[in-house]
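Should a chain be cited, it is by its letter among A, B, C, D, E and F, assigned in written order, with residues numbered from 1 in that chain.
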């Protein structure tokens, strides 16, 4: 899928929390990755179509020191093939104790214009990654290299990540709190509705700060929505 | 229970670590919540009587997008009923993947004068909460809304939270390290003893820094206690 | 084992990630502690020979409030016996909910010249420890005192820590990411090779930043290694 | 709720697997208890309205050797109050290491005519219970008595059990495989549909055994359903 | 890969324990599935080439009641395509709470001549499966149907199962204890060596039963091996 | 410690459940091993003084195929040194996926007169062990050999097993339900009280079967105890 500028602008105003709400509203209850946290939470939100990598467990005769130099190595191929603007997202089977990626490959992805990296597993060189401006989400810092636990089996196939289905092209969104997968066919409408919802919640917070009870305010009744309309008009 | 000013002053000088020690001394070994961490660890310690909320698992026909607006919703009732000065503490069955509360309701509790919020489950909008001045403790950031996993079944009944029994009115204490539940009938004496113990430990650290061995110092023998008395008199 | 100045200098240039790679290269796949994180990640890397402590579960009739004052208490003996320059490392059976050590004993170890502290369990007083300059690694903050869960059974015997075998005298290395155990007989050669490898990776990052593909660069082919030689000569 | 004879007969022909299917069909995806297994799997299926007990963690000053004799003990009250025909179901917070019930209380429930016992926790005296004819489901055998980990806080309130919401009066069904909770208002229709579905699946197995492909058979197309009708008429 | 009659005969004399030993001897330490147990442990050992199925998490708009009838459903296609003599092995991401297969599909696989079924997830209808003569290995009984948690994404690709890499054509062996994956290129030699090792261990047990110490017997020294040769000659 | 005939007779009449109750009564709440189950639950209860073995994680250069033949191998030494009548109990750090022992060594222990084997880890050859008459308790069946995960570091030192402290000479008791560790100095009195308690509970069950309420019966009041005295006199 291609993200339009409008979609990018809408996603930039969304939060992971709001996106899960709007997906539940559409019947999708399992969209937020479990056990995955930002390495560099101070960056702006990330959004981009999924380019997937699928790891299976390593086998000592195939995966060893030096495997990275094999031209058949699918992880390394994927690093050079993932398209700019996409989120590089890997199925690490939730294993936090093996590094699914490290800072050199992460830098290459950043240089190639990827929008971010997500793994439901460990990442090494997290010190360097935390200081860089490419958003990386993972299960935690892990020193041992990829080939001690992982073998890249496939790229750009549907995968599991953090307990959630990820299809190539789904929009992968991340903020300081969580990563959410938005199915491709819902992305535009959910992003637009999300941006609007964030604005409304910003107003509701002013109401709460003004001392109103949540009754009639959260969720808002007609009176509150009318005040919201006025507030919104003023701000524009 | 009502906290007196003296109790508040004593608790403000305590740490979670010291409180667990004093409760073990009284035979209570299970008082520190497990799996619960501060969202905003830079705030001063929190202490207040427990106002409890009990969640059970959600059921799709009762808990759905829009449930928040139902006047029978016990979570929403609790937000408006919890008394000022109390700690709002919820049993989320240890589930870190569902948000037990978010920033709008947290703001309302802050506005109503609550002393803090504790859940053994997820919280959403943690970015906003981390920047606010109401202490919040939870199992981690979680985007999915409350009704995807929880149904509020009761308020102000005895609950489990983080593997610990919490009775309404017990004092819930939190610092940058942990949350400890102090049974109501022990709260005054434990807080007073805790404040004294913290002062003594501050002195013991000066002894360690001065190069003394821990033998006779930690725990302190009579000589050390005599030096402590002198030190304390000087400081006043 | 004694660390020479050269070894210390080499380890100071290493990272946990690189050390695990070099140990895998030598057939050792299980050298990075699992579930152990730095309390004060901003400090420089830690390296020192292991001085071990072995905890078993507490029993209420032997381990209680006041146990710390017993001259037979092996934990307290170990605090005074662990040699300067060593890393104090304890087997806490991976239990994150009990404090294996607190700030007073940690300060004494710092004063006695230890290089760091590692436990696969909880630590209390983490606020104070985070602000001190002795590296401490653990499974998380835990308020309950040692004797509520642990009994020190032995010191300076082989132990398990974070799922890894630790023999007294092995070099325990820690950085902002992880703790790695380097068997004593490999420590000098691995540290030297690690320092060299870090320098090479610093060069490879300049290549990536200059826009090169990872092919031929990571891992480096002969051309890249020739450029590395030139780069290294220039920098000296 | 009261179970009619027709409902009892229908449930007696159902399986836990089929009931979950029919509840998913109605939008309820979370109805099978997790981590709960039969102690005596050879017995016929169990079905009855839920009578609930809610445990919270024990506190040493309230829960100790001898607590069972206290007239205020809610567990003991519940044993004498749970109505015949009901399933006694307790929230043990999923703790498999503490006994939520033992053989003496189980025998009393059997004598009083209960339909079965379900706990998401441990049970003691499992040897005796396995040989008795009252169905018991739990997380495993556990020797330590109730009061070492549990305090009965409430009876006949909505609870969590095995990760599922249980409201008093919901039908709790168990077979050799699993325990499923059927909301009261759906029980009659789901049981009837389930009994019919089991009959159809018995026919489908004869088709498979006769060598047919699953295509058109599972799920069945119109031809297969016609053969099923014929088969069913013959058997009556 | 095709199994010869000799290989089948050799595997029939092997145990999972012995096969793991012989694979470790060849440098492969991760070959026994974790968390997978036999449903019908009384059957003879199972061995056959792997035919794999890969599940990812379900998404409600694609996976729902009725999905089984979709001709594009890859699980159903796999049931009809898996070749006779093979082991049907599925990646269920270790989730024990969802049924990866049930008795109707299992019967169809048996009818089609498959050698066995292995999943690192739940199975439903375990009562019926336990009584049938097709070996089934799984993580436990689970009532909820496949589509509540799984979506079949691929067949006959490399997968993870029980934490072990499984390549199509690897020999999947199971006995009453465990399931072991033998890489295709090692299968013939490992099976032959395993059958011989089992015979030797049968002899060693007679030695132990005769009262010999394990010293010189286990592992056997030259004298013991000479006695083994004599014993073996006698038995033939 | 030596067990007298009277102690053996008393323990033979006890259950794990009763022993935990009597130890809690004496202030010891952590005496039942967690995660440890009988391999051959049909055998009579096991009781004997603990002979301990302590495993730490394996390291590939010390623990490999063939390690069993090394005369310095502490596991093998322990097999030949553990005294008759004792329970061989090993600290496997709770790892269920590696075999801490197999059938050949188990047979040797049986031949040497040991009373039983307990590990908080895996056991291999469980099929053979289940059919033998030496009680074995473990965390489950595991194929991979000892040296893939364990290195025997010590024997007859205090250990952790199943989360419980075990001191050499403590009485290790096991029945079809659980394993309980009774501190040596309490063993005689607890066994005697346990045997008496079992007799009383046998009587209480006759009361329950006769239709009495638990009130006044469980726990028994003076009337019930009087009936118990009469019942006991009759039976003798």
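The rule we apply is simple: contacts are C-beta pairs under 8 Å (C-beta built on N, C-alpha and C of every residue); 3 or more make two chains touch, one makes a residue touch a chain.
Just so we're clear, the structure is a prediction, and the values are computed from it rather than from any experiment.
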> Between chain A and chain E, which partner chains are common?
Replying inline: none
> Which neighbours does chain C have in common with chain F?
Replying inline: none
>> I want to compare two interfaces, B-D and E-F. Which one has more contacting C-beta pairs?
In response: E-F
>> More than half overlap in residue numbers between the two sides of the chain A-chain B interface, or less? Answer same or different.
In response: different
> Which pair in C-F, A-E or A-B has the same interface as D-E, with over half of the contact pairs matching by residue number?
Replying inline: A-B
>> Let me spell it out: compute each chain's centre from its C-alpha atoms, then which one is farthest from chain F's centre?
In response: A
>> Based on mean C-alpha positions, I'd like to know which chain lies farthest from chain E.
In response: B
>> Averaging over Cα atoms per chain, report the distance between chain B and chain C in Å.
In response: 32
> When the centre of a chain is set as the mean of its C-alpha atoms, what distance in Å lies between chain A and chain D?
Replying inline: 40
>> At least two partner chains per residue is the criterion; list those residues in chain B.
In response: 29
> Taking all chains into account, which pairs touch?
Replying inline: A-B, A-C, A-E, B-C, B-D, C-F, D-E, D-F, E-F
> For the complex, which residues does chain B have touching chain C?
Replying inline: 15-17, 19-21, 24-25, 29, 31-32, 34, 37, 41, 175-178, 180, 201, 204-205, 208-209, 211, 213-215, 218-219
>> Touching residues of chain F toward chain C in the complex: what are they?
In response: 27-30, 56-61, 93, 151, 153-154, 157-160, 163-166, 183
> Within the complex, which stretch of chain C touches chain B?
Replying inline: 64-66, 68-69, 71, 76, 79-80, 97, 99, 102-105, 107-108, 111, 124-127, 141-145, 147-148
